[in-house]
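The data blocks that follow each hold one structure.
Okay, so chain A shows up in both of these, paired with chain B first and chain C after.
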Partner chain A sequence: MEKLKLRAYDGIALTGLLMLPALFSTELSKLAEQNNTAAWIALLIASIIMLCLFLIAACLMGRYEGKNIIEITSIVMGRPFGIIYGVALGVYFCYFTGIQIRESAEILKIYGLSLTPIYIVAGLILLTAVIMNFLGGRAIVKSAGLFYIIVILGIVFIMLLGLNRYNPDNLIPLLGNGMADITTNSLFITSIFDSVIILFLFAPAFSNTVKMKKSGVLSIALTAAACILLYLCFVMMFSPSVASKMMSGFIEMGKSSYYNRFFSRFESSLLFFLIFSSAMLASIGLFITKESFACTFKLRPSKAFTIICVVPILIAIIIPTSTLDLTQKYLPVIRRYSVAFMAGFPVLVLIVSTIKRIFKYEKS
Partner chain B sequence: MNNEFKKGRDMEIQSSVLKNREMFEQTFNYPTNKDIVFRDFKFLSKDGFVVYIDGMAGGDKISDFILRPLLNKDGISRDLKSILQISSLIEETDFDEAVSAILQGDCVLCMDGDANAYVCETKSFDKRGVEKPQVESSIVGALEAFTETLRTNTTLLHRIIKNPGLTTEMVAVGKLNNLTCGVVYVNGVVNMEFVEEVKRRLKGIDTDFVQSGGMIEQFIEDHDSSLFQTVTTTERPDNTAALLMQGRIAIIVDGSPRVIIAPITLFSMLKTSEESALRAPFASAVRAIRIIAVLSAFLMPALYLAITTYHPEMIPASLLLSIAKSRVNIPYPALVELLVMEFAFELIREAGRHIPGALGSTIGIVGGLILGEAAVSAGFVSQGCVIVIAFTGLGNFAIPQYQLAFTAQLIRILFIICAGFFGFLGIGLAFVVLVGYVNSLTSFGTDYVNPVFSGDAPLFPKQPVWEYENRPSALRAKKPQYQPIISRIWKKGN
Partner chain C sequence: MKKVSLVLICTLCLFLLSGCWDKRELEDNTFVVLLGLDESEDKNVILTAAFPLTQTEGGGANEGVDNGSGEYTVMSVKAPTVVEALNMFSTKLSGPIAIYTVKTIIISRALAESDILRHVFSSWRYEEVRNTTNILISECRAAEFIQERVKASPIDPLRQEELLLEQANTSAYYKPVQLLEFLTNLKSDGADVVAMYGGIASKSEDKNSRAPEDGKETSGIGTGIKETVKDGYLPGEIPIQAENTSEISGLAVFHKAKMVGVLNSSEAQTYSMFTQGKLKKILTLPDPLKPDSDIVVSIMPASKCEIRSAIKNNIPVFDISINLVCSVESIQSEIDYTSPEKYNILTEYVKGMCTEDIVSLIRKIQKEYNADILKLGDKLAYNFRTVKEWEDYNWSEKYKDAEINLTVELDIEGTGIMMP
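== the complex of A and B ==
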């Protein structure tokens, strides 16, 4: 693995940029469709669940200071399991990156480049990710630090922009379709926050586990705050029934805000937030893919290796046949079900590690 | 005879004056080389000679303070050190060191039966006086600039930094021209790892000829063919002194009026020495304008192109109509128009630079006004394009570092091409790559751009002088604190 040194903020930025781009794309509409007015409560519960899962799984990292999750899996469950987990993580991030790039490309095509073929838009984002990976992990981490601020500013900006259009009545009924529905949905949307688990892959890059934990906790808290606030603003601006029909809630919010004609002209510049976030997500996603495979097979990530990792991402980009296919079939995997793998596996390793320890103790 | 001269050949000064003279003659290609002067004499019945380069060493100094006392029979002393009336006299046993001293303008004296050469400080070549800065001019700052003479430059620094820790180490670069470089730092402040690294890189230059400081820069930079310079240069002693006190290192190259500074950060190149003399609100305003200028130098034509071509909804209808009207007769796309204008602008600038004196500025006016007006009338380019390129040119000139302005020119072209093909998407992705590229660079192993929240003073707004508590963290200075938290101890209630 490339020798990286991460501060707590670097961890927040890296994971934040994997989670926040969902807000610029179809996720806000999807939340409105599934959770009605209560999505913000579901998001709050989901973030708390994820926080608990992260802290439980982080206990495992504390036991093996200086080792990453793939190495720990190999130690606890044996090398074959380590390889299987490493490959699965790499494959998942290929899929995650590819699908997210495709989603961003669809939105960019709709809002900015209607005549440009979708694969050119997606290809350009992927090309940017490849160049960033050629420049190295340090460049990606430092750039993430800058673009995270830009993305957060973008979210704050869009929330402030719509101030005169918010209607709090749209938030009623507060509990949406009922508490049972909220609980079920919140379990699923925990996946929105599961990217924070990648901090376990970079654990050795932090000076200690406490810093890594701090980074993860803050990252979940900030992302949850951004998601909840933006969703509240979104629903206050459009009622849930209208909101659920939109492609990108973020850009629609920008388009619908109106102070005067002068400011309204700048709505196209909101595309920059989408472009920056998707380019950084693609760069970080490719970097994680590369590092997962490199760590699993103890390889030194080279430029050729980066190119090899691009191929499965490219496949993931071209798999969805249409926007509908993408949103109905492929996006739910990374936004609804991935938590089972992302958080579930480290927790499983922790349980196995605990059982083994108990047995060892009894033997001795 | 191979004239390659490199120290460390283990050639010793001989006790035979004839042998020594032969060695010097061979080394300096004497008598074919008419610059070398040998003056033989007899002192206390022993043969001796002085050797120096005519013009580099002061002939008057040599005759008045070296030869006259030696030839004066009244002064009965056998010790040369007591006889020679020279401020600096060094006994040298290494032949190469003696040759090096002659090349620097000193004179070397050898006596029969003595295995030492005496290096007498006699440098006295013509040099330019200290003048006003030509490029980094200042209204409220000092009005002195470095010259081509290494010693004059170190003196200028000593006059500002009156600290015994200010140290100059000499390193010769270039096998055949032995260019002297002074590595200057403040002992006790600088991290000596950087000093050793600078010296290691300078000593590791294996080339016959180094013409200038610009060549040294390229030899010692971290990254080959980087678009951004990772060492900077300045012609201002006050600026150099401030950077030295931060814990940086200056490389003064003999014959070059610009001093190389390392390690540096990108944002340090956007600061000027004048700002330290300005109060914080004014300096912040100046910096804000400069940041806008830099951004426009990089991005303005690309944004113009993307907005007019892909996102016309961003332009007010009346302006959009005016732009569209001015482009009606233009036979090629806006991308080509901008590239042509960029080329024309650079052509005018390059021509203005090489045409001497007042004629240079005339070319600028002729090119800018007459040619621009004619091009618009003839339908070669639109008015909007001319305005954008002119504004971008102004932004480029507002960049304090000459080489950073070059970087802006090149990157601007890339942005224009990206914008021409993909609008905002092209600009956005190119910007991400640019940020990544800049973040991947290092200057002598330190970050070229500080990470976000690194704790160092921000570029904007400029902090008041009393708030600069720490030296830049990337420099890992021996003395990290610049001044205490309360630096204005006179102020009551601090």
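== the complex of A and C ==
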């Protein structure tokens, strides 16, 4: 595993860039479709749930200072479980990265590159990720720090662009489909924030667990704030019934912004943010995949190893046969159900560790 | 730093992709300025487009035949859908047709009253359709209206359209409504929508010497008879003598995705008092103290109108409060209205006139058209907690019986550049 030194901001940038690109693609529309006017409440609840899960799971990291989650799993549950978890994490991030690259490529094709073959677009994003991984973890961390600011600026920019079109009446009735619906959906959309768990993989890179916790908490808070504010702006601009039918809410907001004939039509500039964020997401995703496998099998990451990790990502990119297939079948896995694995497993390890401790204490 | 720069270069290379497959040379494209929609007798769509003449190759299309005038030309084609019609234009053009430059989509009244959703809403999915395009309903066929507009400005209709839309910010004889707002409200449960209304005036008729209609005090410019525009005009009625016979005046009113009526220019100005901020409505009124003279005032909303809603005995009740400011532009009688008594007389008089206009507009849209273009439904929704409760209430059925209480406040703030 590559030796890194991470500050709290580096952790925020790395995890933020894994979570925020969802906003640039189909997620805003999906939220509008499932939660109507109340998606922002569901997002708020989901972020609080994720925050609790993260803090609970972080207790485990505090007990094993200087170890990452795969090593801790091996210690607590035995080496076979450590290997299974490490491989599962690596495979999940292959899938996560591949599907997100495919989604970004689909959006780019729809809004800007209609005649370019989808695999060329996706392939070039992946190529950028490979080059960045060749440059090493430090380069990725430094770039993430820079691009995180660019992505945040992009979100602020689009929110400001629509100021003259916002209609707060679109957010009414406030409770959307009702409290029961909000509660159920908020449990599912917790998955949007679950990438923060990868901080447990880089725990040894932080000077102490407190810094890692701080990084995770701030990352969830900032991502939740960005998601909620952007969703509110999106629905205030389009109304939930129209918003739910749009491919990319982010780009559509730029497409519909209009102040006067000299200051309008911004969607082309918004594609910049989409490209930057997807290239960074691909790089970080590939890096995590590599690190998971390397840590599990105690390997030293090399360029050849990077290329090997690219293959499953490439497979994940080409699995969906169409946009419909992607949005209906493959995206829900990483946006609705992944929290069970991402946050559930560390919590399970914590429970096992606690039970073991109790038994040990009783024995002694 | 070197590594970060390399990463930046790699990422930026992605932007060069569009040069490989998606490049579109400017001179190869046919950029449409105006797009018109009519419905043929066999329920197909007749699409009319105005674009630069240099892009055409030869005469006309399937229907409507090219009627080029100056630098721009108009072409019509009949097809089952809008997108297919756009594709069919390529049989007559040297380059692909680009509709993302369209400033205004013109829809004939006949289509707006029948099946607008089938053609317009279904085309929204098409990638080149822009949400910022304006919608205009034409009293006549859209093809005829476009031909007149191109004839009016054969060199640069694009600029003409842009300036025309900006004009609405000052006169409010019509209100530009963009495709996004139009389609969003067309499908909404809580509100209805309006669109600009246009038409063609008859050329042979001398409108300036036209006799007044029954019950309407009107006459021609320069004919010596007293003129008032208080009752408003619809396209074709405006007493203007000009080469350009296309006119935009008033608003088309929609309810449940169908056009149900029109508001004339005066009603459109009154409507703008509810919705827009800096529009002036010019009123020529008989002087309250000397009725044979006129007094001209301009009225503007002082702030956004306030709408409060409640449900009493299952009947929706609205309290609408409108604050207006008035500026006296001309006093023919030269009576000094600055003394407190006379100031109050004038204030109450203008306020009464405005209230009358607003009440008459509300009555028309509520009782006659049953169209919620004031978006009262959006305000009433605040009384409901969930979407289901709101949908169960069935607002569109209750709108006609809603109780609307109006409060109009008016201050005379300006007296022009002279003391009154």
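Please note the rule applied: the second predicted complex is superposed on the first by the 362 of 364 C-alpha atoms of A that agree within 3 Å, B and C clash if a C-alpha of one lies under 4 Å from a C-alpha of the other, contacts with A are read in each partner's own complex, and residues count from 1 in each chain.
We adopt the following convention: a contact is a pair of C-beta atoms (placed from the backbone, for glycine too) under 8 Å apart; a residue touches a chain by one contact, two chains touch by 3 or more.
Quantities reported herein were computed from a predicted structural model and do not represent experimental measurements.
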*asked:* For the combined arrangement obtained by superposing on chain A, do chain B and chain C clash, or do they fit?
replied: clash
*asked:* On the A-aligned overlay, A:169 touches which partner chain: chain B = first, chain C = second, or both, or neither?
replied: second
*Which of the two partners, first being chain B and second being chain C, lies in contact with A:266: first, second, both, or neither?*
first
*chain A residues in contact: does chain B have more, or chain C?*
C
*Thinking of the overlay built on chain A, is A:149 touched by chain B (first), by chain C (second), by both, or by neither?*
first
*Touched partner set for A:37, first chain B, second chain C, both or neither*: second
*Have a look at where A:256 lands relative to chain B and chain C in the superposition and call it first, second, both or neither.*
second
*Which of the stretches 434-442, 452-460 or 470-478 of chain B runs into chain C once the two complexes are superposed on chain A?*
434-442
_Overlap of chain C and chain B interfaces on chain A (superposed complexes)_ = 112-113, 116, 121, 124-125, 127-128, 131-132, 135-136, 138-139, 142-143, 146, 261, 265, 272, 275-276, 279, 283
*Touching residues on chain A, where the partner in the complex is chain C*: 36-37, 110-117, 120-121, 124-125, 127-128, 131-132, 135-136, 138-139, 142-143, 146, 165, 167, 169-170, 172-178, 238-239, 241-242, 252, 255-256, 258, 260-261, 264-265, 272, 275-276, 279, 283
_chain A contact footprint on chain C (complex, rising order)_ = 3-4, 6-8, 10-11, 13-15, 17-18, 20-22, 127, 130-132, 162, 166, 178, 180, 183-184, 187-188, 190, 375, 378-379, 381-382, 384-390
*Hey, which residues of chain A end up touching chain B in the complex?*
7, 9-10, 13, 108, 112-113, 116, 121, 124-125, 127-128, 131-132, 135-136, 138-143, 145-149, 261, 265-266, 268-269, 271-272, 275-276, 279-280, 283
_Using the touch definition from the top, list the residues of chain B that touch chain A in their complex._
310-311, 313-316, 422-426, 428-429, 431-433, 435-437, 439-440, 447, 449, 451-453
